[in-house]
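Common to both upcoming complexes is subunit A, partnered first by subunit B, then by subunit C.
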Partner chain A sequence: MSDHKIGVYVCHCGSNINGVVNCAKVTEEIGKIGEVVVAKDYKYMCSDPGQEMIKNDIKEKGLDRVVIAACSPRMHEPTFRRALEGAGLNGYLLEMANIREHVSWVTKDKEEATKKALSLVKGAVKRVKLHEPIEEREVPVTNTTLVLGGGISGIQAALQVAEAGHKVYLIEQKQYIGGNMAKFDKTFPTLDCAACILTPKMVDVGQSPNIELYTSSEVIKVDGYVGNFTVTVREKPRYINHDKCTGCGDCASACIMKNRIPHEFDEGLSKRSAAYIPFPQAVPLKAVIDDGNCLFLTRKKCTLACVKACGAKAINFNQHETIHEFKVGSIILATGFDLFDAKRAPQYGYGRYANVINGLQFERMTNASGPTSGHITLADGTEPKSVAVIHCVGSRDENYNKYCSRVCCMSSVKFAHLVKDHCDAEVYEFYIDMRTFGKGYEEFYNRVQEEGVHFVRGKGAEVAQIDGRLVVIAEDTLLGQYREIPVDMVILNTALEPRVDAEKVAQTLGISRSGDGFFMESHIKLDPVTTTTDGIYLAGCCQSPKDIPDSVAQGSAAAAQSLAIIATGKVKISPISASIDSEQCAGCRICIGLCTYRAIKLNEETLRAEINEAVCKGCGTCAAGCPSGAIRVSHFNDDQLLAQIEGVLA
Partner chain B sequence: MSDNFEPKILGILCNWCSYAGADLAGTSRLKYPANIRIVKVMCSGRVEPTLILKAFQEGADGVLISGCHPGDCHYVDGNIKTLRRTPLVARLLTQIGIEPERFKQVWVSASEGEKFGKIVEQMVEDIKKVGPYQKKMGDQLDVVMHEVAASAKEAAAAEEKGGSNCGS
Partner chain C sequence: MAPKLQLAIYWAAACGGCDVAILDTDEKILNIAEAADIVLWPIAMDFKYEDIYKMEPGSIDVCLFNGAIRTSEQEELAKALRARSKFMIAFGACAAWGGIPSLANLTNREGIFNTVYKETATTINEEDIRPDTNYPGPEGELHLPRIYDRVWSLDQVVDVDYYVPGCPPTPETIWTAILAIVTGNLPPKGTVIGGTKSLCDTCEREKTEKKITQFKRPFEIIADPKKCLLEQGLVCCGPVTRDGCGHRCTNNNMPCRGCYGPSEKVSDQGAKLLNAIASIMDVKDEKSAQELAATWEDPAGTVYRFSLAKSLIYDYKKGGE
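Let's look at the complex of A and B:
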């Protein structure tokens, strides 16, 4: 075996590693290995001087392999690969030993930690000897983007990519774009009318020559990789010819089911027909036929009053679903959130008492184009004289969601202001802690306090009905008192939850979710927009609950990520792939059945299996299954893994 | 068995879920026993029995394989192949006298740092009950490893000579 010149660098990471692992000792011990010609420890290996030190050693001492014992390779492997390349060494001649996340941060005993760190470094040294230079593959980028979800963050992302002159496919599951924000009345802290700031953006989407909008559509399959995704989208039939429909709403007025179906856009506070316009500012402003309630579609029995009423002859019951296939360079996920169903917390009487509503229902109520034309009314049509707002329903609660939904304190304060503004009722806010952290938020909270709103520090425990009146029961933790406060209306400010189909979407796109069920970012602080899958980015509440300013900011950030790969025109993709040694291959074809990507085919002439490296993703499942040991996975071959195992266990 | 026996465990973790899950245990500063040595593979489907046998041969007292939860695999269904392989590996290990406590195959997602720590903790505890591996088993494993390697070579050699193809 040829002798290597290995450099080993042990990072202190300040006290993050050195506080637990005796870095000097690890360095000393590892320096005793024959082929280790340089062993150094340093305060911050990822810093400029740290990287310079490595580069200099490579040049001056002729190192041909480098081991860096530091943080997780998921963090800084690309950094150090670049450092190697800067000194003229192939980046794959590096091996990292994870002595921070896997050692110093998880181990109490310093001696144990030092021992463990040393064995991981030994494994890395054994492995790195067998590393081979690998050239990263560069592939051209398709300069189109797919945005999944047409709420405010998806709209923002789509518009920014489109404005930069690139094509966007915007896919929305509902029949219209605008998401939850379209349902809001006023937005905190400035009390801008939601429609006034959102509608122009929705119209821009509809009019942008670079945006192809697909509503009533969902992604059913994603193939490919960064720069070169193929996305399959199913567009459901609307039974309306979009080219002909003028959005006049005559079909809705004529429909036999008129005023019989709870209207989703009004959160069930109004009734609609089976043929209807989702809402007056909808984009696209086209009628929709609800196939679950249309008598003709469900029972084939109807007078077809809508067809007769439609002057434009736009109704077509023969429409079928359409399957589209888009080639895109990147995907921006902006699928939003679901509102916590308050019925899951039965102590609050939602669904049982008519005047217990949720925040979105209150939004619709105060909206001038909503079911009550902007009047706050009780079920009997009268105005409430007292209103309670209960915070954290389904949030910060061990029984439902442990996390804080972030927007509810501010929206609760906004509700209080709107109640004061619309009907001057007494308002009681039941809160655990007030979290008003954004720009202008604390000021708004102070303003509403001055408007005479009562703030009760204590989570509303229960809503009861006593003598026909709603009573909120809570412990006022500031007064140290049990309180029962009678009110006319209760607004439950419910949690923002991962969408019910989040798991399915994550599986279709091959991305991870965090413990709370939201989509997971690559790094919570430094890379909150990228997923662990290259080329798939996150925006808005699908990543975590956030308010409109943050959703818009993340939408722009996701657009910037997408534009960045379009601008470079090419992306580096993982060079890890498998290959077959035809000398050893017995042609048994076991590997062919194991490959999910159909990258392996039998060469009919030689009767040996062959791998198409362009299709291979490098998982190595075929290698593990090959009875002849004929398959070799670059950077993860048998010899490398066996050597590492030998090293870490030594 | 000595009272201060600290088992050595080899953990083979997939890059996308379990390695990230183990990283999360770190970033969350959760403490778990230092007995595990982690080796990364791209997919748990990459883990072939040889790697596991090698670990025991090199003095491991236990081997932990962890991948993405079924349905969440970065490579669609590499972990399903792991799942199918696991019972066979477990049976092979039992046949050569390796106690079931010493081999575990689990699913840990990128968000399950706490779960990862608990799994390691439990495994250390279980293995402590059965004691160190090498002392009991002697060099039986070396024989198996040798046989595995030899039979692979034999197969290749036979193929080379005969040129016939069992698959065709």
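Let's look at the complex of A and C:
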């Protein structure tokens, strides 16, 4: 056993720690351990004088290991590592004992707190002796970016990266970009026409020399690591030759299936052909043939009227799916949301009563280029005289989603305004709480209140049909009364949910999801844009429900992350990683399926597992699962952990 | 002629299988007899405590000690033999890691006595008589060894030089150990006489990616002899167990029971296996995990079948006897 010179520093953190833990006593006790040559307590170790103290002791007393008892290492481990490095000591010869979050903040019992703090510091002292100096690694990056999802946040991210002069691959699952925003009529709170502000951006995407757009496409495989991803994309055939198609729509008019297929873009409120243009402003403005409904593609039986009608000879039924492979430095995930299917809440009658619609259907209805040319109409074609808007359908509800979908209060208020504007019907809003945060939002709410909309504070409990009329049943909590309000039309403002394929996407990219199913950010407050996988960023509603300004802001933020990687030209990779002792590895493959980051592969020749250390995040799951103990995680190996436990229990 | 090796063979909490295993070396037992004087072997010859206490320190060259330590007598004898032996060898899984007797550590003395002297269906013990260490007999007070609250491995009681693994050790392993001692070709202290890899490593069954969808017991299926047993739902201890046994179980289409103890880099055999198996259970949420786990009969007894005394949990639960 070699003799170490260990310095132990106990931080008061003002009174945060010292108010509960007797820091002086911890320092005194720990100073009695043989190899501890310096033991000091100080008001703020993270301050400049605190750090100087450590540096001086390292230089003057020749410390070779440092223990800092303070806050969570998530907070200041990098700070103290830099301090060690400033004095010429490898930053990983440091161990932090968390005596704030784990001790002083969780108890008021001073004696117990001091005892626990001392135990944790003893564990740290035992552990730090076994620390080894390790070096951070740098790898060069590819200066291209892949954006997954062509909604507003994906468009924003793609444009910003492209404008900075770097190549972007924009991948969209649908046949067009624009996402949900393209379906909207007006946007709150300014009532800007959604298409008017979105279309220019969509056109920019189509025209940018730096953006390669792939629609009808999805990512099927992601290999590699930050700066060096290889992404495999599957592009589905549209059966249209893009170079020839002029987007005239003659095929759509000629198609035998004309007006027979519910149109997804109009949320089923209109019918389309099997060959069709998704919507007039679509980018790319090219026809697409729906292989699920085209008679020729499904049954090989059709007069092929579309082929005859197409003057550009653009229709090609021999197209197959294409597989593309892109090398990119970073990936921006902007896959958006799905709308809660209101049929899951049968009490609202969606799908049973013709005049119960969801918010997106209402958006299409009010849109001038929508199925009713902007007229709010009932199923029988007449205008409603009264309309109910029910908030929180599928949100803030233990039965469906506990979270608040954030945008529905404002869009409900907007719906009320649009109803008033278009047909002057009576409007009843059923809300739990009115959440109109955001710039100009409360003002908009006040304006709509003045327009004579009835706001009923109480969740709409049920929509019934009584004597042929829709009736909304709710408890008005302000009046303390049960109410039944007959209306002609009900708009269900449904929750924003994680997309149905979110789990598949998470697995393909090797990222996590939070409890609500949305993709998980590194830190909910301070790092909402990055994921726990370096080089993969989040934008828009795939991270959590958000409105357009927030989606755009996050799109820009994700672009900035990606540009930052490109600007530095290289990325630092944490040196904490797992490695495999091929002598001990049995090739059992247990670890391979365990690695969330897909860093482990079986070498087909040696039949031993191999870890790509650049991809490895050092999480340790494989080391725990490895039955033969062949996997070792640097800085968190068994000897170190056992020593720490021994120290704590000593 | 070189002086003959002075050999002692002793048993503590054991079944006797280890002693039989020595005879199982077949004709080589004659070579052993040629090379060694057996100075103590209670299962085969008559010895008294005094015979041991009369021996000088260092007068035994090698003591093959089988069985775990669970009584005061066993601890006393282990210490007495250690003091008189140049090499103390933990012979067999019980001496090495506690073996099957150490599964008693899942409960304690009180729990075991309750089962044996009270709760089993066939027990009639109305006066609740329990073993006692003193008995005032007509010929004077008699003493019996005290049963400990937990079972220890030999090295938790005395210093051990080498380990011969197995339940019981195979004749090949025994012969390798004896040959090393007789020729003086000794490995470093603490060496386990066995393979250096895991059984899984040297197993020739075909391995693919592992997923357990249902736990099976050996009698429930006839396993595919070419495929990894773990992948067929049989809990095989091969991944965490040292090889060197000659794959006797897996060659006979039975999962490895783990009797050669933890492999080289494994400190806690049971915890390692439990972790590995939990890692490959094909489940999506807590509920399906519980349902699948419920199909596994006796997980603790399976993963710690031979090594519970050496479980980390017990190392940090010291105290008592």
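Please note the rule applied: the second predicted complex is superposed on the first by the 506 of 650 C-alpha atoms of A that agree within 3 Å, B and C clash if a C-alpha of one lies under 4 Å from a C-alpha of the other, contacts with A are read in each partner's own complex, and residues count from 1 in each chain.
Operating definition for what follows: a residue touches a chain if its C-beta (ideal position, glycine included) is under 8 Å from a C-beta of that chain, and two chains touch if they have at least 3 such contacts.
Bear in mind the structure is a predicted one, so any value in this text is a computation, not a measurement.
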Quiz item: Who does A:Thr532 touch here: subunit B (first), subunit C (second), both, or neither?
Solution: first
Quiz prompt | Touched partner set for A:Ser253, first subunit B, second subunit C, both or neither | solution = neither
Exercise. Could you figure out whether subunit B or subunit C reaches more residues of subunit A?
Key: B
Self-check item: Partner chain in contact with A:Gln584 - subunit B first, subunit C second, else both or neither
Solution: both
Practice problem: Would you sort A:Gln319 into first (subunit B), second (subunit C), both or neither based on which partner it touches? | Solution: neither
Self-check item: Touching partner for A:Ala624 - first (subunit B), second (subunit C), both, neither
Solution: both
Practice problem: Check subunit A for residues that touch subunit B in one structure and subunit C in the other, and list them. | Solution: 583-584, 586-589, 594, 621, 624-625, 627-630, 638, 642, 645, 649
Quiz prompt | Residues of subunit A that touch subunit C when the two form their complex | solution = 581, 583-590, 592-594, 621, 624-630, 638, 642, 645, 649
Quiz item: In their shared complex, at which residues does subunit C touch subunit A?
Solution: 196-198, 200-201, 203, 207-211, 228, 230, 238-240, 263-267, 272-273, 275-276, 279-280, 312, 316
Quiz prompt | Touching residues (chain side subunit B, partner subunit A) in the complex | solution = 8, 10, 16-17, 19-20, 22-23, 25-27, 29-32, 34, 37-43, 45-48, 50-51, 54-55, 58-60, 71-72, 74-78, 81, 85, 109-112, 117, 152, 155-156, 159-160, 165-168
Quiz item: Residues of subunit A touching subunit B in their complex?
Solution: 72-74, 98, 100-103, 105-109, 112-113, 115-116, 119-120, 123, 503, 506-507, 510, 512-515, 520, 532-533, 576, 583-584, 586-589, 594, 596, 602, 607, 617-621, 623-625, 627-630, 633, 636, 638, 641-642, 644-646, 648-650
